[in-house]
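Here come two complexes built around chain A, the first alongside chain B, the second alongside chain C.
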Partner chain A sequence: MATVTISDVWKYYGKTMAVKELNLEIQNNEFMCILGPSGCGKSSTLRMLAGLEFISSGDIYFDDVRVNDLPPRDRDIAMVFENYALYPHKTVYENMANPLKLRRTPKDEIERRVRRAAEILEIDPLLGRKPVELSGGQKQRTAIGRAIVREPKVFLFDEPIAHLDAKLRSHMRGELKHLQRDLETTTVYVTHDQLEGMSMADRIAVMHEGVLQQLGTPEEIYNRPSNEFVAGFVGEPPMNFLDCTLEQTNVGLTVVHAGFRLSLSEEQASLLSGSGAEANMRIGIRPDNLAIEPGADGTLDVPGEIFVTEPLGGDMIVEVTIGGDRVMVKTKIGPMGGPGDPCRIGFDVDKLHVFDINTGVAYF
Partner chain B sequence: MASREIVRYRSPLRSVLQGLSILFLIFFFVWTVLPLFIMVVSSFKDLLDAFQLPEPGDWGDLGVMFDFKPTGTHYVELFTEKHFGTYLRNSLIASLGSAAVSVSLGSMAAYALSRAEFRGKRDLLFWIISTRMAPVVAVMVPLYVIFRSSGLVGTLPGLILAYTTFNLPFAIWILKGFFDNVPYAIEEAAQCDGCTRWQAFRLIIPLVAPGLGAFIVLCVLFGWNDFLFATIIGSGGAKTLPVATAELVQPVKIQWGMIMAAGVVTTVPMMFLGLLIRRYLVAGLTMGAVRE
Partner chain C sequence: MANIANIDVAGGVVRGVRTIDYVPEEFNHRPPRYYLLWLMLPAILLLAAISLYPLVWLVYMTLHEVQLAPGKSDVWAGIDNFSRLATDKKFIRGWLTLFKYSALCLSVEIGLGVLVAVILNNNRFEKILVTIFLMPMMMAPVVAGFLYMFLYNGTFGWYFWLLQSIGLLEGGSILGNRFWAMFAIVATDVWQWTPLIALITLAGLKRVPQDQLEAHMVDGAGPFRNFFSVALPNLYPFLLIAILLRFMDNFRFIDTILIMTGGGPANATKILPTYLFDVSFKFFELGRGAAIAFTLLLLTILLGLVLTKVFEDPTRKIRTEREH
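Coming up: the complex of A and B.
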């Protein structure tokens, strides 16, 4: 249990910059997810928190203690690694007991705590096995077990479930979240999978190329992305982006594209006009916020042509060509026609995002 | 795991090759085992029996080789008159001592070279192995001068040091390969668990145990079989088995029986060592090579 403060932290590898001027405060008992593509600096950040890498400049505090110069063992953290990093020559029990043994915990106390952790993680029948005899999911539980046998100040997770198969991953998401609530321990969870971030975290820090892009709750990140990168990174299928121009017409501010014209609301128009937006800009709209009907003579506004349909069981994703650009639409499954067939598309203008075409910064 | 079956189809050529390879194996078996066999058998014969050989080509008369009364006199003589007990002890101390020093220093150096990145690392590694490129004879004279002025000639520590100079580069190279194959994440996990760097290093030692085991054998064998260092640096106070055996060849009388017995005394411990860690040796020598 601790508050973690990352203050003006930079990380360089030689001349390569990995983390740029990072400021982040992680509340006591918070589940913070650092989300970003590979090479965005998220793992470097986590490793600096763990003490496995030096901080090039800046400070890290656990509560009020500056930990920059403390080795991992003195930081009171527990880390779960992407490749589990179990001790291959030790049994599951010995793996989990190791952190306690190093702290000279009495033997019966070790026994009690390891058994308790094993029960929580449902690996108690496996305690006598070696890591080679375990499946991926069991190894990962053992690695988590090794972290939770003691009560560290901070849990650090480095893509712990990235190597599991999809079904087990979705199961573990729920378990990890539950476990974190149960243990009430400050947690930093690094992942490239936006779904993990969205479903588990209290707050998400999205990083890209070493720079913190946005910090917020999953809801804020999803509904009010601060720039084009965040908007495109979060959400599945990803947001559609279309280059458009802005025109002042008699019905107000209008977004003009080769395939359609959309009138913005007054509120949206005021956000744009006050910000010095240029005539050329990029709009973004999530596949869920587009409606579609098959055939050329439906009631929706924009004509399009079906490129391909991808049924997903209950839902389907339809890729549609509108005025030379392609967009994805998510809809309930139903008869839709095949490639080349006409259809009509409707925009939920309230859910529209507008980005600066050069900087990618979101106006709304 | 993928099937490792080697598919073979019958063909005339294959049958011929198979026949030839069996012939070769028989020949090879006789070639390697016969000298050992003669050595062991002769060590139990007295001098007269030892030269009872059948006429060349007279296969029916092979029996004379086995027609003798076994005697242990050569062994008794070796250990009573020739002090082979002391030489056996010297050999053991020199080879095991050098192995111990080489492995402990070598594993630390190999670990450092495996984990740390620094400028000139490749050059350093090359320099380390290049010390093994010169033949022993070439460095013997300067080495002798150094050892003599340090008072190390004729002492066991001197011999251990001499073997270590030759074993250590080898140790570093072999063991580095083993450490390279141990993921660094394991040590990182250990540090997060609460280990110091040193404790983390010790924690992964069991993971390179096959390498250590294999390497100890190679080190021991080098010291055990060495003749050149032993005659020059070890001469006098630190005489080892090979040197003592050679001294049994005297100008007036070559003591075949005792030489054979000395050969057995020299061979048997190493055979036991080989049997003891045979499993490790194979696993160890191949494990460093293939990344899983």
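Coming up: the complex of A and C.
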């Protein structure tokens, strides 16, 4: 139960910059996800919050207390590590009791809290076991148990479910989200998996090369990415990017590509003209916002040629070549034809994104 | 053969799962490979020649009164050599002195060695300091003995002068003093062999999982707690090797003591191996010497086994328990 304020924080390892001028305010009881590819500075940020790394410059506050110089034990945090970091010579019970024991909690209180946490996480039959006797999922639950036995100000999660198999991971996403709502504790969750961020977080901070790219709700991040990096990083399969030119025609502003021409809506056109967009720019469109029909004589606008189809059970991803570029289309599964067959593609122009070709900044 | 079983999974029990009793041996039967025996034979013979043969001779000698004069044959003595040891006061005192010497050496060396390793670990000058620290270890024990004999010397020894100047010593000599002599040889051993323990511990410290240390810090531990609760348990296997090596060395290295005191003064530093040396090579009672050596060997093996048990890596212990 605390707000966390990261103010102008920089982190250097020697001469390598890991985090650049980060400003972030995490609300009380908020589930904040820091999302980014490896090496983007998200773990460094979390470790600075935990007190495991020095802050090169800037300040971190928990509520109104500046914690820069506090060691981890005085910050009142709980952290779940990527490799669980359980103590191999201690049982599950002792592992979970450790934070309480180190804070001199009375024995019966420890017993009560550990049992309660174990019940929540459904690991009460495992309390007598040692970590080597646990599966990955059980280890991970133990690590979470160790974090929730206390009532810390802040939970810090460092890719806690990255090493689980896909099925367990999707199960744990729901569990963790539920748990966080239940415990009502400010949470910072670091991950490189956009799906975890999208499905669990109240707000997402996307980082890249040490710089905060965008801060917003999952919905904002997905629908209004602030730049090309965010647009390409979030969403599965990733957004299609195509280099195009802008032309003023009698039907308004038109996006011209070797394979197609798209007329922009008036609203979109006004956003572009006001911002000094150049003639060359890059458009982005999600695979979900493209429609596809097999055969050369359909009703959709753009002719294409199927490169490959990837059926996924209920849906399928079709890779299509349009005017020399390749795009992915997501559609319901159905007869589609094989590689080399013609097809027609339709663009949902309302869902189009336009980026500056040099800076990658989104116009809309 | 197929069975029906209930299987525990996270969050409940799955009932009525078909399982198969799988017996690996039956499926992977492989004929014995006798040629392996022939391949190993040279090594076995060599080992037998250099270690088994002397052992057999040792046992033979313990049961005989070995004659040194040419032409005379050894006299069967039964267990006389052993039964005489029971009443041999020097033998018993030798054991006690050995225990005292070994315990002193080990405790100081382990304590100092671990401390040095912790200081060296992640030190800016780690590499160069390790090189410097290793120097005493490179020295032959005889040389170390001579070096310390000179340092303790009553006329020109620097340590002697130092101890005298700070008032701890009132004339006389260090190695000639019944109280100081033991500490003097322990100090020599500590000086020479602490680096070995520090080196082994340092290697162990490098393998202490960083994330466990960090988790413990987040859990609320300070640096001392962190060392004793996380680092030390992870160091156990390394400390075991260090202790085993040093304790066996203490039971067999007598060069330094022979040089410095020869077991004196008044048998104050006459640990069992030096007594064994006296019996065998000064009094030439080879049968009795062999009996002493045999008890020494037995106890070394026994203590080695006990130590391995005590210091067994806790995580490995579980793993082996589970395999059974």
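Following the convention adopted for this analysis, the second predicted complex is superposed on the first by the 364 of 364 C-alpha atoms of A that agree within 3 Å, B and C clash if a C-alpha of one lies under 4 Å from a C-alpha of the other, contacts with A are read in each partner's own complex, and residues count from 1 in each chain.
To be clear about the criterion, contacts are C-beta pairs under 8 Å (C-beta built on N, C-alpha and C of every residue); 3 or more make two chains touch, one makes a residue touch a chain.
Note that this is a predicted model, so its numbers are computed, not measured.
Q: Does the chain A-based superposition show chain B and chain C clashing or fitting?
A: clash
Q: For A:72, select first, second, both or neither according to whether it touches chain B, chain C, the two together, or no partner.
A: both
Q: Considering only the touch criterion stated at the top, classify A:14 as touching first (chain B), second (chain C), both, or neither.
A: It touches nothing on chain B or chain C.
Q: Determine, under the contact definition given at the top, whether A:335 touches first (chain B), second (chain C), both, or neither.
A: neither
Q: Kindly classify A:106 by the partners it touches after superposition: chain B alone (first), chain C alone (second), both, or neither?
A: Neither chain B nor chain C is touched by A:106.
Q: Once the two complexes are aligned on chain A, which partner has more residues of chain A within touching range, chain B or chain C?
A: Ranking chain B and chain C by residues of chain A touched puts C first.
Q: Could you tell me if A:324 is touching chain B, chain C, both of them or neither one (first, second, both, neither)?
A: So A:324 meets neither chain B nor chain C here.
Q: Once the structures are superposed on A, label A:135 by its partner contacts, choosing first (chain B), second (chain C), both or neither.
A: Second partner only.
Q: Looking at chain A, which of its residues have contacts with both chain B and chain C?
A: Common interface on chain A, chain B vs chain C: 50-52, 71-73, 77-79, 81, 83, 85-89, 98-99, 102-103, 146, 156.
Q: Contact residues on chain A for chain C in the complex?
A: Counting only chain A, the residues touching chain C are 50-52, 71-73, 77-79, 81-83, 85-89, 98-99, 102-103, 122, 125, 130-133, 135, 137-138, 141, 146, 156.
Q: Could you pull out which chain C residues touch chain A in their complex?
A: 8, 10-11, 209, 211-212, 214-222, 225, 229-230, 233, 314-315, 318-319, 322
Q: What residues of chain A sit close enough to touch chain B in their complex?
A: 50-52, 71-73, 77-79, 81, 83, 85-89, 98-99, 102-103, 143, 146, 156
Q: For the complex, give me every residue of chain B touching chain A.
A: Per the stated touch rule, the residues are 183, 185-186, 188-197, 199, 203, 206-207.
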